[in-house]
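For reference, the structure is listed below as C-alpha cells.
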Amino acid sequence: MSHAAATSSEPATPSVPFRVRERVRWEDVDLAGIMRYSAFPRFHDVAEAELFRAAGITALTVLERLGLWLPRRVLHIEYHVPALFDAELEARLWIAAIGGTSLTLNGELWSADGATRHASWYLVLVCVDAKSGAKRPVPDELAGALAPFRWSIEGSAIAEP
Amino acid sequence: MSHAAATSSEPATPSVPFRVRERVRWEDVDLAGIMRYSAFPRFHDVAEAELFRAAGITALTVLERLGLWLPRRVLHIEYHVPALFDAELEARLWIAAIGGTSLTLNGELWSADGATRHASWYLVLVCVDAKSGAKRPVPDELAGALAPFRWSIEGSAIAEP
Amino acid sequence: MSHAAATSSEPATPSVPFRVRERVRWEDVDLAGIMRYSAFPRFHDVAEAELFRAAGITALTVLERLGLWLPRRVLHIEYHVPALFDAELEARLWIAAIGGTSLTLNGELWSADGATRHASWYLVLVCVDAKSGAKRPVPDELAGALAPFRWSIEGSAIAEP
Amino acid sequence: MSHAAATSSEPATPSVPFRVRERVRWEDVDLAGIMRYSAFPRFHDVAEAELFRAAGITALTVLERLGLWLPRRVLHIEYHVPALFDAELEARLWIAAIGGTSLTLNGELWSADGATRHASWYLVLVCVDAKSGAKRPVPDELAGALAPFRWSIEGSAIAEP
C-alpha cells in the first residue's frame, strides 16, 4: 500500500491495488478440470475481507457500530482464462467508486506470477440500515477508511464520485 | 409417511424412512468426475429441511418460538459408491434417537432407482438455548413432532441389498 | 423473434420461460439472514441443468458426442430483493441469444408465488473444442435443441410487475 | 511427545503436527452467526493440499504418475466449540495410519492463538486405480513421502501399519 509521494493531506492514490494470494482448492474445480464460474466470488470474498481488515473495518463492526449492512446490488464477472486446480492466484481489489449510498469494488484475478489475468469483475454494494433495510448515505467514517484503497486501472487520477 | 395399522395412540413406526429426491449438480462434482465428499452434507440439509417441514417445524420456528438452536455435534459419513454428475439421488432420513438434550439423525443416499447405496451417515444435533448456548432438554413439542419420523434400519421389513 | 401463433414448422416461441422450483437452503444463507450473493449461481445451475435436460441435452452429452465444452464468459447478476431461508423460489431461464460461437442465457429468480422478483441475470457461454479449447461454432444440433427455449422478456404477453 | 533428534535414518516423528492458517469466510457462516457444520471440510481440504504439497505430492501427480485416485471412504467430525465469522483458525493435520490400501488423516481445528479447539476429525482415504476403480496398495513412494507427517496425538510411539 505504498505510494511514491503524498504532497498533501489527501490520501494518495496507491501505485498498485490491494492484493491477496489464494489457491484454487478442490471444491473450486469442476469435472472439466477448471475453476467453476461460481467459485470466483469466493476469491472476491477473501480479498474484500482482507481489504476491509487492512482498512480497519470488519463486516461486524460496520453492522454493529454504524448500524449498517452492505448487501450486494450488482455482480459482473468476465472470465478470461481458465484457472487450474492448486494454482496460486492473486486477487487484486480496489475501491472504484464511492457514491451517495453505494460502493463499487473492482477486482481482477491473476496468476501469482502476474503473467495471466484469469478474470475481472465489479461488485456494487449498497449501504442500508441494518434494521429497516432503507438506503443510507455512506458514512464519512467508512468512506475515509476505504479512501486509501481507491485505485484506477489506468493509474490516472481518480474521478471523484 | 403412512403406515399399515396403528392400534394405539403411540405413533407407529413408519415402514419406510422419509425420502427426498435431489440431483447431483455441477458444483457437487470434482475433477475426478464424481461427487466430492464435501458435497454430501448438502443432501442431508435438503432432507433435513424437508423432514422438518413435513413435521411442521422449521429452523426458524424452533429458534424463535422455542428459543433453541440445534447445532451439530457429530457428523459421520461412510462413502460406499461414487455418485456421478446429474444423477438423481434419493436421500432417506430418519430420527434414530431422541436423547435428553440431543437428536440423532440417520441417513442414506441411494440412486433414485433404489439399486445403489452411495453413502450412509449419522448426525448428532444438540438442543441449546439460543441466547446462552447452554444445553436444553429436547422439548416435548419437538420430540412429538419428530416421533412419526423415527425409524430403525433393523426394525423394518425393507430388505436392504 | 416471438410471435403469437406459429404458422410454419419453426419452433414457436413459448409464452412463458422455462421454470424450476428450488428452495433457499441452509448453506445459501449468511449471517445477515438472507441468501448470500454467491449462492445465486446455484439456482442458475439447477435451472440450466433442467432446461438442458428438457432440451434433451446434458453437459456430458455435449462434451462426449459433440466434443465441446461450454465454459462461461460473462456473468452479470442484479440483486433486487433479499431472499430468506427456506423460501421456495422459482428460477426462470431462457435462451436470449444464440451467436456464432456463444449462447446467452437470461434468468430471473422469483418467489414461488410470483409476487417478488429477487434477482435477474445473464450468463454468456462460449462453445470451445473440448481438447484444444479453441472456439467452435454453436452446432446446429445444439442450436436446434435449444430453440424452443428462446424467449424475450419484451415479446411476451406476460405482464411483469 | 516425540523426540528432538533422530538417531537413525528413519524419518523422525515431528514434535508437532502439520499446521496451516485459514480464516472463517463469509460463505462459511450461517444465519446463527457461526461456521456451519458443512464448511469444516473446506478447512480439511486446505490443510490436506498444503500437507501434500509439503510432502512433494499433489492430487494431480498422484493421479497422473502413479495412476491412482484417493477417494474418501469415511469422514468423522466432532464439533466442540462454534467458530465465528472472520476468526483466524489453525488446522492441524497428520497421518494417523497408513494401511494396506488406505490412509487415515486426523485433524483438529484450533483458534489461531491455540486457546480453543473448535473441532476434531478423521478422514479415511483409499487408494484406487484411476481407471478401474479397484483398490491398490499404497505405493511406497506415497507412503515414504507422507511418513514425515505421521504423528500421534497421545505422543506415543506410532504403531506401524
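What to note about this one:
The letters A, B, C and D name the chains in turn, as written, and every chain counts its residues from 1.
Please note the rule applied: a residue touches a chain if its C-beta (ideal position, glycine included) is under 8 Å from a C-beta of that chain, and two chains touch if they have at least 3 such contacts.
A quick note: this is a predicted structure, and the numbers were derived from the prediction, not measured.
For the pairs C-D and A-D, the count of C-beta pairs in contact is higher at A-D. Compared with chain C, the chain whose C-alpha mean position is the greatest distance off is D. Centroids built from CA atoms put chain D at 27 Å from chain B.
Spacing of chain C relative to chain D, judged by their CA centroids, is 39 angstrom.
Each chain gets one centre point, the mean of its Cα atoms, and the points for chain A and chain D are 32 Å apart.
Of all residues in chain C, those touching 2 or more other chains are 26-27, 32, 38, 41-42, 45, 85, listed in ascending order. Within the complex, the chain C residues that touch chain D are 26-27, 29-33, 36, 38, 85.
Those residues of chain C whose C-beta lies close enough to touch chain A in the complex are 32, 34, 37-38, 41-42, 45, 63, 69, 71-79, 82, 123, 133. Every residue of chain B that touches chain C in the complex is listed here, in rising order: 23, 25-27, 41-42, 45-46, 49, 53, 58-60, 85-86.
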